[in-house]
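Consider the two complexes below, in which chain A is the common component and chain B and chain C are the respective partners.
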Partner chain A sequence: MLEIRNLSKSFQGLQVFSGIDLTVEDRPGEKSPLIGVIGPNGAGKTTLFNIFTGYAKADGGSVIFDGKELLGKKPHEIVRAGLTRTFQSTLAFRQLTVKENVLVAAYLHEDFSFLERFIYPLVSLKLTQKKTRDAQERAEKVLSMVGMLDDMDMVSGNLPYGKQKKLGIAMGLATEPKLLALDEPAAGLNPHETAETMELLQEINRGGTAVLVIEHNMKLIMTACERIYVLSGGRIIAEGLPQEIAKNERVIEVYLGKGMTAHA
Partner chain B sequence: MKRTWTRITIAVALVLVVAFPFLTNAYILGIAQAMLLYFIYAMAMNLLMGYTGIRSFGQAGFWGVGAYVTGLMMNMHQYGILSLLGAMIIGAVLGLAVGMLSLRLQSVYFFITTLGVSEMLRVIAINWMPVTRGPMGLMVQPTSMGLFLGRFEYQTQVYLLSVLLAVLCFLGLRTLMRSHTGKILMSIRDSEPLADSVGVNPTAYKVFAFATAGAITALSGGLNAMAYRIVVPDFLSMQYTTIGLLMVLIGGSGELWGPLFGALIYVGFNEGLRSIGEFRLVIFALIMILVVMLFPKGLIGTLKQQTNKIKQRKQQT
Partner chain C sequence: MDIVLQQAANGLVLGMSYALVATGLTLVFGVLRMMNLSHGELYMLGAYILSALMQYLGLPYVVGCVLSVLLVALIGYFFGMTVVQPASHLEPINAMLATFGVSTLLSNLVLLIFKATPRMVSSPFQVVFQIGPVFLTIQKLIVVGMGLLLNLGVYLVIHHTTFGKMIWAISEQRTAAEIVGIDTKRMHNLAFTMGAVLAAISGVLVSALYSLAPNMGSGIMTKCFAIVVLGGLGSIPGAIIGGLLLGLAESLFTIIIPSQWTPAIAFVLLIVLLILKPEGLIGKSKGVKL
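This part shows the complex of A and B:
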C-alpha cells in the first residue's frame, strides 16, 4: 500500500535522515496493518510524515502509494488518493463547531461539481441538499464512533484538549482513508484518554483501515502495534515485532536508555 | 417567537429604507446612499477577511476599477444597470487573475501583489488621459435605470437600485456562508494546512472568494460612480482599502450583520466630522483605533459575547 524507499531530507544542509525505508503492506482479505513509528524527540518522525503527505519536499527517494508516486503531490491530492494524516498540534478548525469540523472532511467524497462548489451556494442551499445530507449522515456516524455526538454543537476551540485530539482523529476518519497516519495521537493526554485513544485506533484498524502511528508512549505502541519502526540518528535503526523491539540492544541504548524505560 | 420578532423588525426596517427617498431631502438621501454602497463594500471585505482569512491590501483597486467601468459604460452607451454588471464582470475577472497569480504564494507575496496591482491601476488612471481624464476625474452622465425605476428621479433610482442590490448581496452571502462552501471557507480561515489535510484545495476556494469579493467590491465602486457622478484616481488609493478593513473590524469580522453596522458607523462618523475639515481623517482614524481596541470582536461580536454571558448567568441562577 505504502512503500517508502531510500528517503532523505535535510534542512539548510543539516541532515535530518537518509536512506529511510518503510512499508505498509496491502493485505486484501486479511486484517489491515497497524504499524508504529517511534524515536526520540527531534528524530524526524514528523518530518517523515510531512514528506509523504505533501507538506515538505524530500531531497531524494520515493514514496509509492497504491502504485502511484506521492512525492510532488499536494496534501489534498494525497488525501484524495486515500492517505490521510493528523497533526501533532494543529487539531481542529477552532471557530467551527465539532460537527462542522467533521463535515468539512466528510465533503471530500461528495465530489461536488464546479457549479455545486462555486455557483449554487450563492443561490440556494436546496441545490446541493442531497450531497450535503449525505455528508451530514457520514459525519454523524463518525462522531458516534468516536463518542462525540453529545459535543456536536460545541465550538471546537472551547473543547478540552483531549476532545480536540479526538476530533482530529474523527476528521481524519471522515475522509474515509485507506491508510490513516497519526502523529502522536496520545501526546498530552491523561492515562484514561490514552487508553481510549488506543482502543479507538484498534477499532478503526479492525474496520479495515490501515494505521500508521507515531507515538511517544511506549506502552501504547507496544500493545497496539503489530510492527514497529525505530527512527534515530537519521536512520531506521530497528524494525520488527514489539517484543523484538523491546529487546533490541540499540533501541534500548538510544531510545529506552534516555529515561524512557519507565514507560516501557 | 424571537424569530418572528426579528423578521418583523427586518421587514419594517426594509419598508422604511425603501420609503426613505420620499420622506427626506437630497442631502440626507446622499448619506443613506453612501451607507448602502459602503455596506456592499464591507460585505465583500468581510467575505475575504472575516470568513476566508484573506487580508487584501489592494481592495481599493477593485473599488476604483468598478467605478471607472461603470462611469465609462454609462457615458458611452447610457447603459444603466448593465454598466454595473460590466463592473462586476471586470471585478471578477481581475480577482481571478490576481488571485490565481498570487494566492498560492505566501501571504507576504499576496500582500505585495495586491498592493502593487492597485497602485499600478491608480497610476494608469492618472495618466490615461483620453479615457479617464486623469486627475481631473471622469464625469458620469446620469441615465435612466429602466425597469420599474424609470418613473423616479435619478437619485432615487440609484438609491432604490442600491437597496435591491444590497439585499441581494446580503442574501447571497448569507446563503453562501450556510452552505458547504461557506464552511470550507471558514475552515481555511481557521487553518489552511489542516483544511488541506482533509482534502480541501485551499487555493481554489481562496481564488473563488477573492473573485467573488472582487465582483462585489466593483459593484460598490460602480454604485459610487453612479450616485455621485464623478470618478477620480484617488478611488484606487490605499485610503479606500483602509476604509473597507475598518468597517469590517468595527462591525465584527466574520459576523453576518457586521458590515451593515460597520458601514453605518463609518459613514455616520465621516459626515459628523465633516465640519472639522482636513483633520477629519486623523480624528476618524484615532476613533476607529480606539473602537477596535475596546471591542476587539467588533460591535456584533461584542454584543453576542455580552448576551451569551447574560444567558449563562440566567441559567446559573
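This part shows the complex of A and C:
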C-alpha cells in the first residue's frame, strides 16, 4: 500500500535522515496493518510524515502509495488518493461544532461537482440531497466510532484537549482513508485517555483501515502495533515485532543509554 | 428638502458602486488574509477595457460589459495564480507587496496605452425619469439593482453554500482544510477571481456615470480601504453597509460643504470609527469573518 524507498531529507545542509525504507503492506481480505514509528525527539519522524503527506519536499527517494508516486503531490491530492494524516496539535475548525467539523471532511468524499458546491443548499438537487444525507450518515457513524456522539453539538473550540485530539482522528476517518497516519495521537493525554486512544486505534484498524502511528508512549506502541520501525540518527536502526524491538540492543541503547536493559 | 432627497438618491448609487468593489476586496481579505492592493486597478481595467471594446471594435454597451468582465476575470485569475498565490506562501506582507506591483503595472500599462486624457463611455440607459422630486437615469437604477443583486448573491454563496463553507474553512484553518482534502490553492485563485469580477462589474457600470482616468483605481482603493475597516475587516455585510454609508455621506455632505472636500469624508469616518469602534461596525473584536 505504502512503500517508502531510500528517502532522504536535509535542512540547509543538515541531514535529517537518509536511506529510509518503510513499508505498509496491502493485505486484501486480511487484517489491515497497524504500524508504529518510534524514535527520540528530533529523529525526523514528523518530517517523514510531512514528506509523504505533501507538506515538505524530499531530497531524494520515492514514496509509492497504491502504485502511484506521492512525492510532488499536494496535500489535498494525497488525501483524495486515500492517505489522511493528523497533526500533533489539533487542527479542527474551532468555531464549528464537532459534527460540522466531521461533516466538512465527510462532504469531500461525496464528490460534489463544482456547480453543486456553488449552489447547494441554496438550490437543492435530488442527487445533491442524497450525497448530503450520505455524508451526514458517515459523519454520525464516525462520531459513534470515536465515542463523541454526545458531544456532536458542542463547539469544537470548547472541547477538552483529549476530545480535541479525538476529533482530529474523527475528521481524518471521515475522509475514508485507506491509510490513516497519526502523529502522536496520545501526546498530552492522561493515562485513561491514552488507553481509550489505544483502543480506538485498534478499532479503526479492525474496521479495515491501515494505521501508521508515530508515538512516544511505549505502552501504546508495544500493545497496539504489529510492527515497529525505530528511527534514530537519521536512519531506521531497527524494524520488527514489538517483542523483537523491546529486546533490540541498539534500541535500548538509544532509549535508555548504553549498558542498560529493558523489561518489556 | 428636494435637494436632500436628490443627493440621497445619488449617494445610494455611489454607495452601491463602492459596496461592490469593497465586497470583492473584503472577500479576498477574508480568504487570503491580505489586502489586495491591485483591486482598484481591476475596477479601472473593467471600465477601460469596456471603453476600448466600444471604441475600437464598435461593440454595444451590454456586450462590451460582459466581455470586459470576462477579460478582467481572466486577468485576475492569471495574477492570482502567478503572483499572489506563490507570494502568499511566504508572508502576507509579501503577497500584499506583490499586489502593489500588479497595481503599478496595470495602472502604468493603461496610462501608456490610453494616455491620461479622461475618457467617457456612453450607455444606452441614460434616459432620465422622475420619482417625486428625484431625477434618476436608468443607468443609475441598474447600478443600484446590480449592486443589490450581486452583493446579496455573494453573501448567499459565501454563507449558505458548500463553496462558501470551503472558503470559510480555508480562512479559518488552512492546514485543517488541506487535511480534509480542500484544494486551497484553487480556492484562493477562485476567491481572487471573484473579487476581480466584482471590481470589474462595478467598473463597467460606473464607467457610464463618471469619466475614466488611469488613476481611478487608486482613488477608489483608498475609499474601499476605509469602507472595509468601517464595516469590519473580512465582513461582507460590513462592506455593503460601509459602502452605502460612505456613498450617502459623500453625497449628502456636498449640500453643506464644497465638493472638493468630499474625499476627506471617508477618512474622517475612518478615524472616528477607529477611535470609537476599532473592530468596525459589524466586525468582531478579533478574527476574520466572511
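In the analysis below, the second predicted complex is superposed on the first by the 244 of 264 C-alpha atoms of A that agree within 3 Å, B and C clash if a C-alpha of one lies under 4 Å from a C-alpha of the other, contacts with A are read in each partner's own complex, and residues count from 1 in each chain.
Criterion: a contact is a pair of C-beta atoms (placed from the backbone, for glycine too) under 8 Å apart; a residue touches a chain by one contact, two chains touch by 3 or more.
Because the structure is a prediction, the values reported are computed rather than measured.
With the C-alpha superposition on chain A as described, chain C and chain B clash in the combined arrangement. In the superposition on chain A, A:T84 contacts both chain B and chain C. Of the two partner chains placed by the overlay, neither chain B nor chain C lies in contact with A:E193.
In the superposed model, B is the one of chain B and chain C that contacts more residues of chain A.
Residues common to the contacts of chain A with chain B and with chain C across the two structures: 74-76, 79-80, 84-87, 91-95, 104-105, 107-108, 112, 117-118, 120-122, 171-172, 174-175. Of all residues in chain A, only 74-77, 79-80, 84-87, 91-95, 104-105, 107-109, 112, 116-122, 171-172, 174-175 touch chain C in the complex they form.
On the side of chain A, the complex with chain B involves touching residues 53-55, 74-76, 79-80, 84-87, 90-96, 100-101, 103-105, 107-108, 110, 112, 117-118, 120-125, 128, 131-132, 135, 171-172, 174-175.
Considering their complex, residues 172-173, 175-176, 178-184, 186-187, 189-191, 193-202, 204, 208, 212, 254 of chain B touch chain A.
Of all the residues in chain C, the ones that touch chain A in their complex are 156-157, 160-163, 165-166, 169, 172-173, 175-176, 178-185.
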